[in-house]
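Order of writing sets the labels: A, B, C and D. Residues in every chain begin at 1.
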């Protein structure tokens, strides 16, 4: 937390929707969960925030757990080298999003999860509740409505994907579930616990298996190469862990075999990653040697 | 090796220069070196081949070891999401190559190493000789001349970079050293040994320190996100290790804290990575659990 | 017509909506209208067809006539160098479409005309009726509905433009009027007459002034440089006249000071221009020397 | 000239080479030549300046006159929609430059003219001398040398084209002739006379035929759609004539059947076109109605 302090508030809080713009740029929290289920924290580690794109990690994991590798015929696994909401690559690559963590990719994954489960919104929410042990964890309907209202670009992405025949459900339905995922509200504590299955090589909190060891490894690989928008190389360089960020200011990182870290600070760098959270994770991994490299 | 057999020869040997086109598409070798300096192999693991872009890993490590982080003002660390010899991103990003492992980036790194040492060619060759213990390791002048003769695209890259003021030495000089690096001839054994400093967190074969622990970690991160052209996501997904490939058919992968693997098979997939070498590394890491994730 | 015969049917009828796919690839018509209001024709010159993008010419002229040059702050005048429904340039240029004749540009022009007149659909239809003297000229509601149903890409364009704040009316409203324009049904005769104001330097059929001489000249310039998708250079080279094509197979060309030509043949080349209509215009202008150059 | 006065000096003189940077931003000249060979002028209309890209018009005309339409297999005719020295489109379109007036295209045309005549430099210079009646017209060797010295980007373009097999002569040879063309020094008077063959539908000053009527028409079409870099649409809109500009500040425009206009003012707009020359041509064509539309 000391490491994050100097940079807190130096970035810019996401302001494309009013609900996010109200966040305190100087807020900060950090939680550390270990594979045995223990969790510790500093700062505002129990304060709920909007998880935004961190939800993409759970949507992907559930879609793979339920439906398997067929997903990869509809979405790629390569870093995008472009901003997270770019349409350019989508056009070049004929409606196949580059990876599941850019918005276009997450829309496709949400569509698939919805087809597989009948209710993508509930699938992700229920999983987060179960893993975090927080039965009150839910979507913020004000945030979701605000996303939809200011969501012309995501609507453009979804229609564009649909124009290539890469959506199974109606655009409006998919977007609604997508926005509900982004609007989930959780704390660093909740998210650190919810992400532990990736540190446990696929095992859930109750010991049941969500993913095979190989699948868990592979999701970690996609996180490391694609999890932090077009700053994945920078994040790998500084932090050296698989991780997923959200414009709500959260970053969830995985230390395979050991545990998870979730840091939060609403002020963002130009690539959309939390300035404070990345600095804290950088300092923590440098100090502890917790890195995959 | 059994894992690689079914796919050997299913790709296409690099044929842009005659010297490479002559390689046997069914050839295969694999070497495993451990951090204590032991090395084992199967197949043609002691047969020299053209290391090509694997040289970029050594050029980068030496430029950082000698000159430090200033290099990153002249070259980025993000995956390119484009073919390895693309000029598009170079133009968009005003002459700053996306990362040190695309051709444009390696030209800049070679330029810097040449400014730092006075002889980029000798610096890389001598390092490989010392680490591999093979005093005969050298560039193949026929291959280097052939590269230069068919090198209009690399000349275009270099002139383009120079037009942005991002080269210190004359274009012709930089290209000559660049081609000599690519034309270095080494075996799986040589390369596995030469790459061990990255598994040893920065320590050379003689125990001296080339890089700090943090620097070694960071090079591994760049390798994982950018080391295999625009298939870095795919390689991370399948193999889960930092690695660097070359169109000569070699792939050198690092298992931090444990050792290195170097596989070789001249037939390439469309992204320019060895079909056989990647299959062998995939099988090996799946069987042994040697992965960073 | 003899010139067009050899190529009739060599292209491919637009098939993205069923209503267009049913057109006879061998159909052909050509009308010639002179500035004094006379009109002659050969072949199926009185057979109505779907005017599609030819409507963009009328939407633009009316938006400029009613609202003046302010339009050019929301849409450019440069050739696109990209397919007519590309999103790439829209992104690069921050929601300002390159010109009024690509789909994105026409959506913006429709939006403006709707704001200016309160009913963009009626404005264009009534103008065409008045100039052609055909009171029955109307939109084909089946075609309009079919466009909307298969219009994910146009919906993507419109939402994307809206995301940059470059739409004043709701996306759904603008698209509805846009589709109704495209679904207007008219014959070569009707269109040749309706376009005469551009040959008459701005004067309508009844002698009243729609545009100043300078405005008419300028619309002709935009037609010549941008009127035939990404084949504008090719059309200028072969035909040498300002012109606008539609995927219904029509092409309307202007001979300033002299008259208009409208040719029709449903089979299209890969750029979306009628094979037969362009061949006929090429032959006609070569034979008569009717060219602006 | 009065029309140009307010804007003279408001742009920026080309400064990529010292020889051009020394030009007086407030200088201005305008010449008007009629098809019967008369020429009139105002301001510094007899002062020689560096014709730069205006040479591309003559290179193209001669390559077509000598070698015919085969040229179009090696270079396109579409507007580029990108800056004149962009490499992006060259990559997308596999080494076929978009049109003969971007630098890449002019390099290919120079290569072809050199193959056809044995001396591209002499061919263009001698043609300009003959048509202008100015036997002293020549290249400025200081400018040519300066272009070569600062020509990394053009060298990149040429090597890139060569990498696709689209050059017949050595890169160094082609560039030398290309730079000599650009370094030709001529006055508004000289250029207006030298361009008259395009106003005379292909006839030279001595009455002999350089191009067929159809070829002359077609070159005018390419000029109008592609002659002023990525501002061709804007130039067509304002001036309404085929024209070619150069970064030396000259613009040569053709009024088919009537004559030519050559204006000069060294200060450039951001697209590389002379601010004063374009303003003067705009005012002249508006006042006289000399426009092709």
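Heads up, the rule we're going with is that contacts are C-beta pairs under 8 Å (C-beta built on N, C-alpha and C of every residue); 3 or more make two chains touch, one makes a residue touch a chain.
What you are looking at is a predicted structure, and each value in this text was computed from that prediction instead of being measured.
Colleague: What is the graph distance from chain A to chain D, where chains are linked when they touch?
Modeller: Steps on the shortest route: 2.
Colleague: Centre to centre, using CA atoms, which chain is the farthest one from chain B?
Modeller: Relative to chain B, the chain with the farthest C-alpha centre is C.
Colleague: How many angstrom between the C-alpha centroids of chain D and chain B?
Modeller: 46
Colleague: Distance between chain C and chain D based on Cα centroids, please, to the nearest Å.
Modeller: That gives a centre separation of 32 Å.
Colleague: I'd like to verify one number: the distance from the centre of chain B to the centre of chain C, where each centre is the average of its C-alpha atoms, in whole angstrom.
Modeller: Centres of chain B and chain C (C-alpha means) sit 54 Å apart.
Colleague: Where in chain D do residues touch two or more of the other chains?
Modeller: Correct list: empty.
Colleague: Pairwise, which chains touch?
Modeller: Those chain pairs satisfying the definition are A-B, A-C, B-D, C-D.
Colleague: Which chain B residues qualify as touching chain D in the complex?
Modeller: 86-88, 90-91, 152-153, 155-160, 162-163, 171
Colleague: Which of the residues in chain B end up touching chain A in this complex?
Modeller: Contact set of chain B toward chain A: 76-82, 89, 98-99, 213-214, 216-218, 220-222, 224-226, 230-234, 236-237, 240, 242, 256, 286, 289, 291-293.
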